[in-house]
Amino acid sequence: MIGKIREAAKRMLDDGTVRLFLGYGKNGLGDTVPVFLKHKEDVEALYWDETCRYNLTRYLTDRDVICLEEGPVGVIVKGCDQKSLKVLISEKQVERDEIRIVGVVCSGMKDDNEEILSKCGTCDSWNPDETFCDIVIGQTVERKIEEDEYSDVEEVEALDPAQREKLWGKYFDRCLRCYACRNVCPLCYCKECILEQNDPEWVPPSASKENNFYFHIIRAYHLTGRCTDCGECERACPVGIPLRTINRKMIKAVKDGFDFVAGKDPEARSPLTRFRRDDREDFIT
Amino acid sequence: MNKRVLVIGGGIGGVQAGLDLAGMGIKVTLVEEKPNIGGRMAQLDKTFPTNDCSTCILSPKLLELASSPDVDIYTCASVEGIVKTEDGFVARIKKRARFVDEKKCTACGLCAQKCPVKVPDPFNKNITMSKCIRIPYAQAVPAVYMIDREHCLRLLEGKCGVCEKVCPAGAIDYEQQDEIKELSVGAVIVATGAEEFTPRIRPEYGYGIYENVVTSIEYERFLSASGPTNGHIVRPSDQKEPKRVAFIQCVGSRDVASGELGYCSSFCCMQATKDAVVTCEHGPNIRSTIFYIDIRAYGKDFDRFVDRAKTEHGVEYKRSRISGIIESPDTKNLVVRYITPDGALKDEEFDLVVLSVGLRMPDGLGGLLEGIGVKLDAYGFCRSGAFSPGDTGVDGVYVCGTVTGPMDIPETVVSASAAASLAARGLVSPDREPLGKAADRKEPDTSGSPIAVGVVVCRCGTNIASVVDVPSVVEYAASIPNVTFSEELLYACSQDSIRHIINKIREHGLNRVVVASCSPRTHEALFQKGLEQAGLNKYLLQMTNIRDQCSWVHRDTPDRATEKAKELVRMAVGKARHLTPLHERYSDVKKDCLVIGGGLAGMMAALDVADNGFVVHLIEQESFLGGNLLKIKSLLTGEDVASAVERIVKRVLEHPKIELFLNTDIAGIEGYVGNFTTKLLTGDRETSVEHGAVIVATGAREHVTESYGYRTDPYVVTGREFETILEKKNPLLKYVKRIAMIQCVDSREGERNYCSRVCCSQAVKNILRLKERYPEKTVYVLYRDMRTYGLREPYYTAARETGALFLRYDASRKPVVEKIEQGSFIIDVFDKILQETVRLPVQLLVLGVGIDPLDTNDRVAKMLKVPLTQDGFFSEAHVKLRPVDFSTEGVFVCGMAHGPKHTDESIAQALAAAARALTILTRDRIRSQAYSASVDEALCTGCGTCAEVCAYGAIEIDKEKARVNELLCKGCGTCTAACFSGAIDLSGFTNKQIVKEFEELFI
Amino acid sequence: MEKKLKIVGFLCNWCSYAGADLAGVSRFQYPADIRVIRVPCSGRVNPLFILKCFQEGADGVLVSGCHPGDCHYQEGNYYTRRRMMMLKDLFCFFGIDKRRFHISWVSASEGKKWADVVTAVVEDVGAALRGSEKQ
Amino acid sequence: MSFGEKTVLGKDELFRILKSISEGCEIIGPVMEDGKPYFRPVEGVEDVAWDFDTTVNGIKEFFFPRRSVLYEQTNDGIRPFDPETDKKRIVLFSRPCDARALTITDRLFMGENQDRVYGALRANTVVVGLSCEKAGPHCFCLSVGGSPFGTEGMDVSITAVGDDEYVLDMVTDRGKAFFGNRGRKADSKRLQEFETLKKRAEESVERTMRIPKDLPSAFESDYWKEVSAACLKCGVCTYLCPTCHCFDIVDEGFYRVRCWDTCSFDTFSRMASGEDPRKDKYMRYRQRVYHKFSYYKENFGVYGCVGCGRCTKHCPVKTDIVEIVSSVDEKGMP
Amino acid sequence: MKDSLVPDPARIEDIRNETPDVVTLRLVFEDRGKMETFSFRAGQFVELSVPKAGESTFCIASAPSDRGYIECSVKKVGRVTEAVHMLEPGGIVGIRGPYGNFFPIEAMKGGNVLFIGGGIGLVPLRSLIREVLSARSDFKRLSVVYGARSERDLVYKDELDEWRTRGDMEVVLALDPGGEMEDWKGEVGYVPSVLEKRTIETKDCTAVTCGPPVMIKRVLGVLDGMGFCSSQVYTTLEMKMKCGIGKCGRCNIGPLYVCKDGPVFTYERIKEFTEEIF
């Protein structure tokens, strides 16, 4: 696998198909890190294993690192990352022909305790979409997909409002407002986040439980109908806030309310930019 | 051709005609006998059926007219004579001296304060005293004082001269003389109006004898917050609040006995209902009773208004004939003696009696009109033919308003617009020179000045001030940071107030203005204009609504209403601080007009626009023109319909400016005022037309009933079918001896709780035609109220005289028809007079079924983005003063699409809609609104979310940035709420402005 | 109502604001706890406004627009409906009392309905606050 | 601070003592939350974990809170908010690196223009440290002047010496005053054992940071662009860092609030005019490194780093400051 | 204990509009004693705060010799400054300070002083100029080169006139190309270019400059070219600051804290960190 990835990267960098290649490498501690390769000689730095959890599509909109206008960029995507990429394309942040997509078949990523990530269990796209990627590396995996029951979401929904407020209060009290969740999110590509604007200031920057409530509502709302549950936010959170549960709440709401799942179609826009005349009305006073 | 039009009369009719003409770029001279324009409407308290404040809705129009550069207003003036010339007329205008220089007077009121001579105040119907130098009322336009020459000591005796001494403006001029001016004009519109009947000639009502008997117009003044009692209802004899108020209807109207006033005055039923409701609102203990013959609630939503008066306000309606009113000398209470429908004589005591007086033509007008060949009818009205409303028979002279017969405000406005369109012929053309645009005003740059907010708190007479503690709001406003000036005004919308505000803006260097008064929806434009005149950008105004949404709805908690008003003011200031000057954009006007519907209204509108020289695209779904009219044979007034229709259709077909699309549907309408593109579908062929305005004349249809066995029995027919039977001399008539006409079938109840307006007249017409030929036949008319309003009343009288039997029934006890066999029925109906059920054997049932809106209205409404009423008819922008406009600019309505109406009314409306459309088509460019989305490119990621939600296609993504086409942007702001980055914002309603507005609430 | 509430109402200009005006014209009485912000269309109501209101201390928020199909701007209220549906869902999920946030459709002809809506909202918000005080 | 002052206690006894001296105090100590150790205010000594890996947070936030209201701006003027210092506080089981970090931030906050909030919280808090028996995989305290057995910043140091026994070291007079004379005097055997453990602990520190002698020379090197490429510009490293002290002062309504801020953020040094002297990611990353390893040393004589390794451990993309700083000489010099 | 982060309330005695987006506030501490003991040197700054908006850094625009009040000139650029622009006379603001170092006026004595300012950058120079003028005889030749985008963007117009007409100093005013109206009598050109065209005696001359970063950068270059030694040239730098007392960690340029070690620097001192300044 890794050989093929290196080979693909090398070829692209060599023939000038891409001027930069985004992949996974290792740091001195042996931890997996994102790497940005400019020369074909560097491809030995590429690695592939079940710790390649990062969603590299996040860097496609990182204006400090990549300027897509300057030439095509190669990127390794897993099936799940590919969904983010489709949203990025639908939202005109990435043009399909500005990138070369190296899809890599994934058989589930593992956390630091060597356990398969929960998102991978219900993942329906271990095999990247061949029609979407430029190359797909790896043997197609056949497996039974576990039905996503949203049990995490339902567990919270089963609580009464006061318990829910207490539960989230506990987590948001912990939140440092380090913005790792936002900054790691491939869909948080705004040039200046609304949270950083101070005139008007939508949420004070200080980390208090109350302020953090509003911060997390805004984060979740802005991802509504867009989030593909790549889980990066939860992974990045240093204080263990179950951010995926929040995102998945909205994914479920969007699925139930608008019969929409984000990340399937690079043409599809968020359901909040669409409507049906007979949308639900039961919440209207 | 002389391009000036003379409008005689400055009531709402004259004002509307003047506005429309000016809107078409035609110069107007308006002559008004009184010292102010506004006419009778200015004296009214509220208007039915919405209870809008009369002054509030009228004032903006008056100001608009007065500030139009194309309009000269002569007040205190009269037209002494008109002479026809080769290209128009020459009018001799007498301008009576005011003895006050109009240009100098600032209406400060010092003169009246110091004037020693007290005289009865004519504006308040002489109820109160005024001074010899006076202004009719606070909001009067023009706001100029006048000396009453009949009482002035200086003028009469050379003494006094106080006013001259105190006038700071040096405006008093005792030497002023009456002037005669000769004016050449191209056309004349007569809008002189009628006057109210003087009940003195009916002594049995005791008017002028008993103190506590007043006329309806006097009563309006009592109700008015700006009236003699500041809106407190008191009776004249003891200034105490009456507990029982009686309204006597038809005083001077429908009065065959007195000879001349055999007609109905049209509006009094509703006026009394409104006054009764307002009376009840004044106090929980006041009871209102209306004595009436028929309740003529024939207009849009009138029946619902009457229902509400009964059920919500407890207004009592007593059908009766009044035999007399007697005063109890000690209490000055009044005993109304009346005869009930069953013939009983009853007495009932009241504290106050209001006589609903009708309209009559004043003497003396005839001379002027007849001088140029205009014929008047027996009542002195200048009646036009049913197919030519507004026409006087003399080319170039047109009439509108109550001078043509009694009518209410919207009909007056319609007739005025119609007259304007007639008068405009030959004076406008699609390719005329652009009219002199008002020179682009240089606004001073206030961007560097510190924020200086002026706060004006309106008392609205007592409308606000009786609930909200206005002085404390003013005081509070002064304490808000950046407020450098605050004050209260009695009526912020009056012309003197506007001028006052302008002065204060200049004096205090204000650069933001907050007006706490009524709804910005109705008054924003007025105050904006004031700001403009003061040299400020008009978007530096922020209004807040402390009346409709505060004082009126928190009557019982004045403290909290006051607190709310303060917070609303603070919020408004919060937003005002962040207002920035905005500027409108311009777009070219496409000169064609689209008329939807080839019925009578559509054809007439099309002809009128085309006659004025503009191309019309006339769309009709059917393969023929004429609509409902094809099924009508003759009119109540006798005109032959068939020949008239033939004439009209021929004209349409032959008109070079009319492009006719038969068998054509509208597939879609895009664009905006001045700039529409409509896709037409004729069979499979799709065409598209571009146009600047749209007139909706889609019409309506006869109701299809399932009541009384209609459709199952050939002897059950509708009124319209009966008309054909009569016309065709159907053999059926030979067999039928006894005919029953049942009115209000399926109408005025349940879902169809509206009056179809035409059915009573249709019944009367059918009776007259029937009896003409078959006087022997028995006719029963089972009715709820006979609504032969206005000049239709004499026909009703005539129908009664034919021997037809009129039996009234209640909605709760409808006639019950028993079918014996085909062509034989027994009707059980409760006779109110006999107080028992009578059985009527008849052979033919004629049903007054009324009119339904079209099912397709909904589709058309959606395409045009215009609303429908609850009944499904098109809903105009304002029931009183914008009767053919929609809120959506550039779209107009006429005919039965708007609601049921008679032929002449449809035509008048068609002409009115044409006139309104012409006010757009005659312009070369129109201004679009200033509120528009704009993009902060530094923040924009080009994601296109905004473009996705824009309904107008106004946003496109160009080079990774969103770009807004300001001409397409309607300023809804949906994009701004969709943007995650806060990159797109809406001027006038920016994120920051809105946040700053509500933030003030939490300080 | 013993406790004075601060409820912010975002009303579209064409329907709900007009409806609120009509309530005034018709003199339908309702509690004085609402403060209205006029916006062109309910579609203008940035969900952030609602959050900001709560954050600043609003007891309740009401967003009111034209009935579906009646939007003066064709479809602004349809987007509003979706946005507010999601936002309200999110509030619920986080345990924020949903009685503090209301969405209504009030047309220009529904003066009575406006008065009823405000009365109901004031009631609901009051109940929500009493509930949280108890806790 | 001499050998002679060390005493020895059994675990139960130590627990009892801790329990009794913390009576009436606010207790801050390590607890497990959702499987991870954090320093949190706790109800009682019994809630505190005795054996725990490097906590997610340090003890910084109890002296330099994430958010503190400085004062309220009322119509009548300015009403300063006092930190709640009426209650004594005790921090239990601070690791040496975290305690040492206090001595580093003390230099900034307690020097000229002493910080009122920090000063007050520092004054009312006794820090009881717990030596590290074994370093974690990310630790490199020895490279920056610390030690797993260090006592800097502590008032009392506790070291487990096996057999459920603990060596107590009264580091400061305050610690002594607070604890009193407790336990048996440590005998030489125990002291020797202590030294052995200390050596073993120090040897367990696997990582070494080689801090370049002349960091300023590398300032304009492209190296910073390369090493910061993957950085997410989030605040994980700085917010979890025991020595990072940057803050913002903002108004929340009428409250003036001091809250954490970090040089990683886009807005950190951006001025209202839009000018930003450190507008690119690499500049801010470089600022972080230089602040810690050059400027702080220059200004305060110590590195702004205690080698706890949290920044590497918790970095969502595993940016390793040890590697980056250590490689400057090799890769980063112009 | 007095909290360094808690300001002293000061009342706005007067507000003057300098340009469409610059106002000058005259401030007097509410506490009289504070006013009397408040002393500062030209070049120092204060932290000025407005309730509900926040705190920002402003150079003191008045001179130490102006007793009984201090003045700050504020350009509208963001939330705090907009709030400042909304203030009215009588309003209360918070003041902390004075902070930072100052222009070494003593060292300038006996020599020539060249002031080079751009836009709002004249503010700290004004303080210094007023101070210098209050002891005019201690200095030799005084020259001011000051430029702005357009005539209306020149701050302290009245004072500029006064300086120009007093006869013992040279004042050169320049407008950016395109910003001049027909009746403009001064120079047209960007400040560095205008400066470059002049002949200036560098001996015994101290040059002091403040303005937008790009202007400062070019002016420093021009002065260099003219033969000024980098220790003869002073500039005062703007950086985002929060605390003003060297703690919040954002205003450093290299190891130097602009708030503590600056804002006044010799060119010599900051030379190596120019990447972080301009």
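For clarity, chains are labelled A, B, C, D and E in written order, and residue numbers in each chain start from 1.
One rule holds for everything that comes next: contacts are C-beta pairs under 8 Å (C-beta built on N, C-alpha and C of every residue); 3 or more make two chains touch, one makes a residue touch a chain.
No experiment lies behind these values; they were computed from the predicted model shown.
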Going by the contact rule set out at the top, which chains touch both subunit A and subunit D? E
Count of steps on the shortest touching-chain route from subunit B to subunit C? 1
Using only alpha carbons, which chain's centroid is the nearest to the whole structure's centroid? C
Relative to subunit E, which chain has the most distant C-alpha mean position? B
Rounded to a whole Å, what is the gap between the Cα centroids of subunit A and subunit C? 35
When centres are defined as mean Cα positions, the distance from subunit D to subunit E in whole Å is 40
Centre-to-centre distance between subunit B and subunit A (centres being mean Cα positions), rounded to whole Å: 60
Taking each chain's mean CA coordinate, subunit A and subunit E are separated, in whole Å, by 48
Check: subunit E positions touching at least 2 other chains come out as 78-79
Could you tell me which residues belong to subunit B and also touch two or more other chains? 949, 978, 991, 995, 1002
Which subunit C residues touch at least two other chains? 47-48, 52, 56, 69, 75, 79, 83
In contact (per the touch rule at the top): chain pairs: A-B, A-C, A-D, A-E, B-C, B-E, D-E
Residues on subunit B engaged by subunit E in the complex (per definition of touch): 445, 447-451, 481-482, 484, 577
List the residues on subunit A that touch subunit E in their complex, please. 198-199, 201
Subunit A contact footprint on subunit C (complex, rising order): 47-48, 51-52, 54-55, 62, 68-69, 75, 78-79, 81-98, 102-105, 117, 120-121, 135
Quick one: which bits of subunit E touch subunit D in the complex? Just the residue numbers, please. 1-7, 9, 30, 49, 51-56, 77-81, 92, 94, 213, 238-240, 242-243, 245-255, 272-273, 275-277
Residue set of subunit A touching subunit D in the complex reads 27-29, 31-36, 54, 58-59, 64-65, 174, 176-180, 182-184, 192, 196, 204-208, 211, 232, 235-236, 238-240
